[in-house]
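After this come two complexes, each holding chain A, first together with chain B and then together with chain C.
Right, the complex of A and B next:
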């Protein structure tokens, strides 16, 4: 790791203000940031520890939803009684991610901001526009099996790795943040993660220094909640394809996808196709896909995963 | 056991030499071509921890992971470094009652925390039931992953007891012991020797599930 200084923030406002200075970064669970710092992919010169700001609570909102503090650990969020009952797809997605040890540290905010698992992003000897803007993309003509087929660009085809974020996308969560000037705002999850375009190193809508304070869920949807993750081994691996779904009693359902998109993937067309069955949903969701020879299999895998979910729901 | 010749003995023997390390650090700081080292050496952070019931105070470079603080500074070498990237679980310790990967957390972030390592669970004279069960069931071969496996296993049984669900839990509201629960919950602990079936057997015994 490159040298850095360390401080504990005393308040949310102070944290955001300090973070706006050059080289400063927040540290929450540290499970992604420290991994990348050891590889010198991330090289902050100052770390602001935001673990002691009281952002670790889960509270009901006046609108009948749920406000999840940014520092709530993945383990606690998955195990929360209300989440289990009313937002089970979120519990399921969290439990499908990482390991028990990692979930004990990983936070809601940090999970949303975790960076891609593209092998070239991790290998500092390789070109990567996301790690080093303008250096090229090693993956497009290289090992792309795990990478995205939707929302990609000629500059970057990295997949978004989070399971949790797929469930939050499905549930129409809002990301609440406080800025360096103390101003507060809420960003719909659909607008939170950015597509790579020409600037794959810019991954989300946060401004410099902006601190996520909570994630807010609207009131529960009801229905049957499922999260199905397909990966190279049964546990402790990132998704090749994942599908989060809520099947409504009225035949109206919604779907979000992981492993295939440059960001957690959801389309109106796929949701609208729900009554027509799994094949129609797959066709709608995959419209515009730009697979490589190595990851084209993800299209069929997505269709099959959806078919399996429909069968499970029918049973 | 030829204790004086063991690796642990050697490491502890060299502990006395550890006082010299900061001096070495300063020498490096002056080395050319390492910008930033000087400033960084000046900024050591004081950290107080309770490790296996004992209060310790350390002066640490903020880059020191909890794993390195335990191994290199406190000479508790039971906790192992496998990958140093959160991928293997060899570094698993219990902090404030929860198992975590000590390689992916900074020691400075744990001011005031209670840490339990394999050395704190039990001793050769007074083994923790999980340690004894690993021996009974041959839950290891080379033993490198074992301290992490045992710390993890102890915490796993507490998690099941506390009703914390896992990916293997069918009904999120009914968490109960099963072999598939153990396999899923222990998936963050990789064993290069593939002692997995015996590890599951050891955990099953401690859970009191092998009598049924």
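Right, the complex of A and C next:
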């Protein structure tokens, strides 16, 4: 960990303004950032604590949706009454992630921005285009079992590890942010995370200094909400494959996927295939997959997980 | 005291304190944070500076140049140790690779420097500024590719490389039923809670190491050899250890570098090996390739059995002796076992909980399941049919000292409800789960080793025991206190136990599940000597006197121990030496594991639903801590079956998933109810305690029971561990 200075922002606007300076970063729960700083994968010189700006509220919106403050802890969000009733898939996705202790610290904004779990990204002696642009990718011809099969590039095949973000993608959330100039905007979740392409180190649409203030959910969808996470042990492991789904009464359903995409994965074609059953949804969702020999099983596992959801929906 | 004839009735048989379930006596100190661990010796070595290890970035090759200028100039840096300034160093007998590398690099993450600073953060930060130019060389990292170059390893703890009895090939050729299968097990990490850690301080030419170590006397010798100083100049202190599983049998880089660092800066230095460094810097359980052939008659009675094992290690290293149990577990006149060792340039392979059997049984007990199915015999019954009460390689003249495998299988099956198992695989459904049951035998050799202790009574009648035995979380403190209490006729609360200090008499240490039986036998020997002294003072014949209620008694005469001890106290020291009873008798511990799993019909997720086991391991000294040992080991068996694997990158030559987020071990949610039954057994040929080891037995066979249950649930037979979702799906595709 490199020495750094620390300050508490007095306002959202001030936080964003300070953050635009060289080497500054926000710190929320710190559960991802501090680990990366200890390993010098991230080396900020200044941390701006944004925990005390009143961004920890969950409020209804005029449109009938829900505005979730960026500092709402994962535990609190998962336990929120409205979320459990109207957006159960979000609550379930959160509870499938990390551990109780981590969820107590982890925030809505920080969770969206958590970085990949690719093991080569974590060993600074190894090549990694995401960590050190241009150094090559250690994983493509190495241990890639856990990595993505969709949205990858020749530069990077890292998976997006978040569970929460998969549910937000399913729910068509908006990410609300304040820029360094004080300007506010909302970014549709579909556009928030970026595919690696040639620049895997650029992971989201935020501009330098831009602070996430909240995440807004549209009106509740109704239907049956499920989140199914398949992993190598029963708890406290990242997804090999996860599926968030809302099954509507009218046969119309929607799906988003974790563990398989370079970002939380959702396609219109997969949603459209819902009435034709699990196999059709899988085929549509997996179109364009570029697996390695080690992670090719994720295609079959995605199909099987969907089959399981369809089976249980009937039960 | 020498133990060379079977034990007769002795004070331990009274069973007033021994054999009763007791809470661990070190528990309160641990949960209140007052038990000092190696990295936290502020009490003994205040003002310690912090060392951070720099690990090699290449797996094999040489260091060209080292540039320390930037690191030395960094804030708070007090010194940097490298091979260039460490002075001449030797290497311990038990270390394969050098603990401080350079100029030659033997494996990835081998320590190449220690940066010492005033704070941990400064040391860690400056470590990143150490510039090292490497000249990498091509290494060998792929066991499968190197397998055919394997040679017989030198004999070690596991006995000779090969054994041969009768004529395996002929017996196998004419067998009515044949099994011939290959199995693989991956490299595994010990993943104990407490990392390797040491605080070191010099006083003149005298070195004290507060370290986390299972084997005090060995490690003093190893350290002396490495530092090239007399062993008398080293004191090693290791009273509390947060787990070891074999990883701390020998000294590691933390101990050497803390010593060198402290000598360099003239101040105590402490070093912990950081979690992400542990898998590649230290030791691991080596991967194996195993081939098993069994020839049997139609009833499943074995006539010929062969177990061949391939593993790899650094030059000069050892083999994983996975065929060990196959030499002793089942009958059959025609037998063959072989071990072959290939050279690999991966980090050093070494002992991990039940070396040999833990992975050998993952193969053998699945092969037995395959044989049971091929013969149409129930797998429990098959094992009973192949029981043998003597060493099947040596013949009936070498019987087992005690062997209750059949009782374990029968009683374990009864308790588990084995009769509810459907022998046809893939038949039982419970909601989304396919449900199956599996069984496996448990077997682990019983090793014994010379063990000494010192025991005293003070003027309050309080008993004190000192031995360099270690407690690696196993419960040594408690069973030693129980032994002393039983022997001296005092309550458990009247005993103080001091462990893990090289100033105390040399014990057997903790390893190979020999610690409990051997070290308590050492305490028994010392206590016998103290009893004799007390009896003499009281004027009673030692063999007639009774020790109870804090008194020594003869008929209706008695005297308090406190009075006899007087103001000076009375002390005695002795050790237990073991004769050749373990040569004349085969000595081993036995058990039977039962497991029920559910396998998701769609996703192939495996969930262990129930586990049960019955175990025969001689006298169970403390049923509470013994049960904890067994369920912990069963849990590790689940890990081996389902998830544990250090993934090798054969290009760079290292274990890729080298932290606890990527190297998975079971969590609570993976482990259901575990039922443990100890079968009554006293082994009079193991020691006067009539006990045997139990710390490793529970892992032996546990994973195979899981694998067999998966087969029973799904009809898919997997032979490459760990049995992960991707492998089950692939096998289902073929099936």
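Operating definition for what follows: the second predicted complex is superposed on the first by the 315 of 315 C-alpha atoms of A that agree within 3 Å, B and C clash if a C-alpha of one lies under 4 Å from a C-alpha of the other, contacts with A are read in each partner's own complex, and residues count from 1 in each chain.
In the analysis below, a contact is a pair of C-beta atoms (placed from the backbone, for glycine too) under 8 Å apart; a residue touches a chain by one contact, two chains touch by 3 or more.
This is a predicted model, so every value here is computed, not measured.
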| item | value |
| --- | --- |
| Partner chain in contact with A:30 - chain B first, chain C second, else both or neither | first |
| Which superposed partner A:100 touches (first chain B, second chain C, both, neither) | first |
| Partner chain(s) touched by A:88 [first = chain B, second = chain C, both, neither] | first |
| A:304 touches, of chain B and chain C: first, second, both or neither? | second |
| Which superposed partner A:3 touches (first chain B, second chain C, both, neither) | both |
| Contacts of A:11 with chain B and chain C, given as first, second, both or neither | neither |
| Chain B versus chain C as contact partner of A:47, first or second or both or neither | first |
| First (chain B), second (chain C), both or neither touched by A:21 | neither |
| Residues on chain A lying within both footprints (that of chain B and that of chain C) | 1-3, 38, 234-236 |
| Of chain A, residues touching chain B in the complex | 1-6, 27, 29-31, 34-35, 38, 47, 49, 51, 75, 78-79, 84-85, 88, 91-92, 95-96, 98-102, 104-105, 234-236 |
| Touch list for chain A against partner chain C, complex | 1-3, 38-40, 117, 119-120, 122-123, 125-126, 138, 141-143, 145, 230, 232-238, 240, 297, 300-301, 304-305, 307-308, 311-312 |
| Footprint of chain A on chain C - complex, ascending | 57, 75, 121, 124-125, 128, 276, 432, 600-605, 607, 642-643, 647, 649, 651-652, 656-659, 661-662, 664, 666-670, 724-726, 729-730, 733 |
| Chain B residues within the chain A interface of the complex | 36-37, 39-40, 43, 45, 61-63, 65, 84-86, 89, 92, 98-101, 104-106, 108-109, 152, 155-156, 159, 163-167, 169, 172-173, 183-189 |
